[in-house]
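Scrolling down, you'll hit the structures one after another.
Presented sequentially are two complexes of subunit A, the first with subunit B as partner and the second with subunit C.
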Partner chain A sequence: MSPLKSIYHWLNVRLGVDELVEKRLTGYLLPRSINAWYSLGSVLLVIFGIQVVTGILLLIYYVPDAEKAFKSVTYIMNDVHFGWLIRMCHAVGSNMMVAVLLLHMLSALFMGSHKSPRELNWVTGFILFNLVLGISLTGYLLPWSQLSFWATTVATNSAGAIPVIGQYLVEFLRGGKLVGPHTLGRFFAVHVVLLPLVIGALIGAHLFLLERIGVSTPPFGQKETKSTWQGDEFRHESHPGGIPFFPNYLLQDVTSILIYLAIFFCVVFFSPYIFFPPTAFVPADPFKTPAHIKPEWYFLANYQTLKVFPSELLGLMVQGAAMTFLALIPFIDRGKERHPLKRPLFLACFIGGIILFIGMTIWGHYS
Partner chain B sequence: MQTTSRRKFLGICLGGLAAAGTAATAYPLLSYLAPRSIDETGGKVTFPETEIPPDGAKIFDYRGTTGVVIRKQSGELVALSAICTHLGCIVQWENEKQNFLCPCHAGRFTPDGAVISGPPPKPLAKLPITVANGVVTVG
Partner chain C sequence: MRQSATNRFCVIACSTLLLLLTILSPAARGQEETVCIQCHGPQPGKGGAPVKAWRGSIHADNGISCHSCHGGDPNDAANAMSPARGFVGTPQEAGIPAFCGRCHAGIMEDYLKSAHGRALGKGGPTCVTCHGAHEVKKANLELINEKSCSRCHPYDRAAGIKEAMRQTEGLITDIERKIERFKGEGVDTERHEKSLFSLRNRYHRLFHEVDTAKVKRESSHIQQELNTINQTLENLDERNRRRKIAGAMVVGGLLVAALIAHLLKRTYDD
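For the complex of A and B:
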């Protein structure tokens, strides 16, 4: 027996590798009609991994001190070998993560994968989406540039519209009356420790739920698209006669990941400053507000919504209601039909919602 | 036979791509983590002679390491590396004993850096020193 085979045999008799491979890879069957959209979860796992690795690397040189933060970021960009690459990967990656997460959620909605019995998968995914927005917002402040400083001032100020506790909440978020060194300290702790841990735990919960309940069958190419689950007892949705995860679907996962990486590196190498307005290159000055401070693209719709309503509280309430509706959608949209073309009201809301989001984003950008 | 060779060819291509990808990731990563290069040949350290205490030593950064200057009882200035040759701790000048003590493992050195006792295997490295117009230059 060759040395490699001996090691494999040694592990196999102790861990049951053959059984694991059979159960989790070659014998793990997925619906025959599964499509490429189902691989976005794997793409997101890779993006999260890249964010964690580049984040740890940035921590080696980044100094979370209001006096030194901007200088340390400049040092990373200009003096550390390939520091620009690590930082660009982290900054571009955070934007890409939000974009891919939106696509992942939209595809799940479109194919009715959020429906019963997968309500918990949707809810954990929705919480993850909010946490990713939170980790992006807290990371935005860390370079301590004019953009970071004033975008954080505006973003934290919005909480002030909440009745009674609003002003206290703003000061709690900032660690003082205004954005300052205390804000940097708490945003840093939340960005590098708290949120990554919570996101990691929720990814675990999301995957656990996926594994327990089974992968949903896409509603396309099936004669019957309705769910037959009665809601009476637990049932793992298996797919006898389906395609194996390994090698068939893993190949799709790898293809999607490589397509993502191609797009990602195109942005990093050819248009790295697409997410950096000029104010991102000026150190924070608490006494000088620059003109036209705008949030990141994924907050532009929220930003514009706050502006179109006569009162900030009303704007916040509308957004809160919309987010609550989205979070609870599997409990509201309870029909068993999953094919989008057989759900005209859903399809109209789905397309209308996307157009509204894009419209408000563009309006926010040019307002 | 044809299938086998095609599979082999594709395997080699994939292996090559994986190796190229690994190299493309490893090179920037290792460069990023590598310590910043310090000029070990140039870079002289200068300070006023008055900064050397009459009964003590001046310890200073020297080309990424640590140096020390003492004034011997004869008035002569001596510049040495302050890194103990045993395990790299910083030696301390003991004026009353007129020698260096390494606090880590009690190694002792003469004012010229020679080993008196303890585990250090080699003397402290001597550094070039000049004094002109009240300014000390090391290096």
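For the complex of A and C:
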């Protein structure tokens, strides 16, 4: 027996590697009609990994002090070997993470994957989406630029519209009456410790739920597109006669990840400044408000919504209602039909919702 | 039954939201202005002309308003022009250089040493003769032109000085543009900005110099230093070009790898 085989045998008799490979990889069957959209979850795992690694590398040089933060970021961009690449990957990656997460959620919604018995998968995914928005918002302040300072001022100000507790909430978020060194400290701690831990834990929960209940079958190319789940007992949805996860779908995952990375590096190397207006490279000045300060693209629809309503409270209430509706959609949309073309009301709301989001985003950008 | 109620709720909620978004427009926000502008701005003729001229000026762009030069209280209409609140009004012709020189001290010094300054009060030009009183633009070579200079003397000598300075001006403008671009890309341009600031000041001080040989000599020195900055910026451009080549290779490699993974998947699918 060759030394390599000896090591494998040694491990196999102790860990049951053969059984593990059979159960989790070659014998783990997925629906034959599974499509590329299902691989977005794997793409998101890779993005999260890149964010963690680049974030740790940035932490080596970043100084979370209002006096030194901007200079430390300038140092990273100009003097640290490959610092520009690390920072660009982290900043562009955060935008891409939100975009891919939106696509992942929209594809799940379109294919009815959020329906029973996968309500918990949807809810954990929805919470993850909100946490990713939170980690993006807290990270936005850290460069301590004019853009980050004033965007955070505007964002935290919105909470003040909530009756009774609004002002306390603003002060709690900022660590004072105004955005300042205390805000930077708070956002830094939340960005690098609290939110990554909670996101990591929720990703674990999301994957656990996926593994327990099984992968859903896409409603396309099927005769029967209604869910057959009865709700009487727990049943793992298996796919006898399906394709194995390894090598078939793992190769689809790899293909999607490589295409994502190609797009990601295309932005990083050729056009990273689509995410950086000039104010992103000017140090924060609390006494000089820049004209036309805008939030990140994924908050533009919220920003514009706040502007179109006569009071911020009304704008916040509408947004809160819309988000609650989205969070609870598997409990509201309880029909068994999963094919989008057989759900015209859902399809109209789905397309209308996307158009409304894009329209408000464009309006917010040009307003 | 329950689904139909839910559907009705969705339709009503979406329609209400769309209706509200359509009919409500953002509240207009008024701009805060000083009482000087509030009062003089709408006035026709001589009273409002300075405000109109000032609006497009470099002073307006940099927040230098009426009270910055004329004094007075910009927040109290009743006492806006009260000497007790520091209102100094408009200077006499001989007092114009000192009036502007309160801020532009170095330039006043250069002007007073020049032939123009020495002719102050004897029919010579003051600051406003060339720069205007309220429509002041960022100083540039176009201020030296035949129409303006030949009001007082032949243009030949001024044309010689202008020609000697033209190349320097071009270089400064080019470097300014490059620095602005690099700044917008997160490049640390502080050192270059400081050097350019100092060189631009040296260049601007030549504006009031009428000794052609001195202008040529000094312009040559300034240009040498500007070329050093320009070379550093060109090196940055070259560095960016190399990064893009590396990026193209990375992206190309990833796309090839994606194609191979896709083809491999298809062989397994078959």
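Throughout what follows, the second predicted complex is superposed on the first by the 367 of 367 C-alpha atoms of A that agree within 3 Å, B and C clash if a C-alpha of one lies under 4 Å from a C-alpha of the other, contacts with A are read in each partner's own complex, and residues count from 1 in each chain.
Assume contacts are C-beta pairs under 8 Å (C-beta built on N, C-alpha and C of every residue); 3 or more make two chains touch, one makes a residue touch a chain.
Since we're looking at a predicted model, the values are computed, not measured.
Aligning the two structures on subunit A places subunit B and subunit C side by side, free of any clash. Using C-alpha centres, the superposed arrangement gives subunit A a vertex angle toward subunit B and subunit C of 70 degrees, stated as a multiple of 10. In the superposition on chain A, A:L345 makes contact with subunit C only, not with subunit B. Of the two partner chains placed by superposition, only subunit C is touched by A:S367; subunit B is not. Contact with neither subunit B nor subunit C is seen for A:G221 once the two complexes are overlaid on the shared chain. In the superposed pair of complexes, A:H81 makes contact with subunit B only, with no contact to subunit C. Judged by the touch definition given at the top, the superposed model places A:G49 against neither subunit B nor subunit C. Subunit A has more of its residues touched by C than by the other of subunit B and subunit C. Once the two complexes are laid over each other on the shared chain, residue contacts for A:G320 go to neither subunit B nor subunit C. Looking at the shared chain after the overlay, A:G204 reaches neither subunit B nor subunit C. The overlay of the two complexes leaves subunit B and subunit C separated by a minimum Cα distance of 7 Å.
Taken together, the two complexes place residues 79 of subunit A in contact with subunit B and also with subunit C. Contact residues on subunit C toward subunit A in their complex (touch as defined above): 2-3, 6-7, 10-11, 13-14, 17-18, 20-21, 24-27, 183-188, 243-244, 246-248, 250-251, 254-255, 257-258, 261-262, 264-265, 268-269.
Residues of subunit A that touch subunit B in their complex: 57, 60, 79-83, 85-86. Partner subunit A is touched in their complex by these residues of subunit B: 28-29, 31-34, 36. Per the touch definition, subunit A reaches subunit C in the complex via residues 74, 77-79, 84, 87, 243, 247-248, 251-252, 254-255, 258-259, 261-262, 265-266, 268-270, 273, 276, 278, 280-281, 305, 307-310, 318, 321-322, 325, 332-335, 345, 349, 352, 356, 360, 367.
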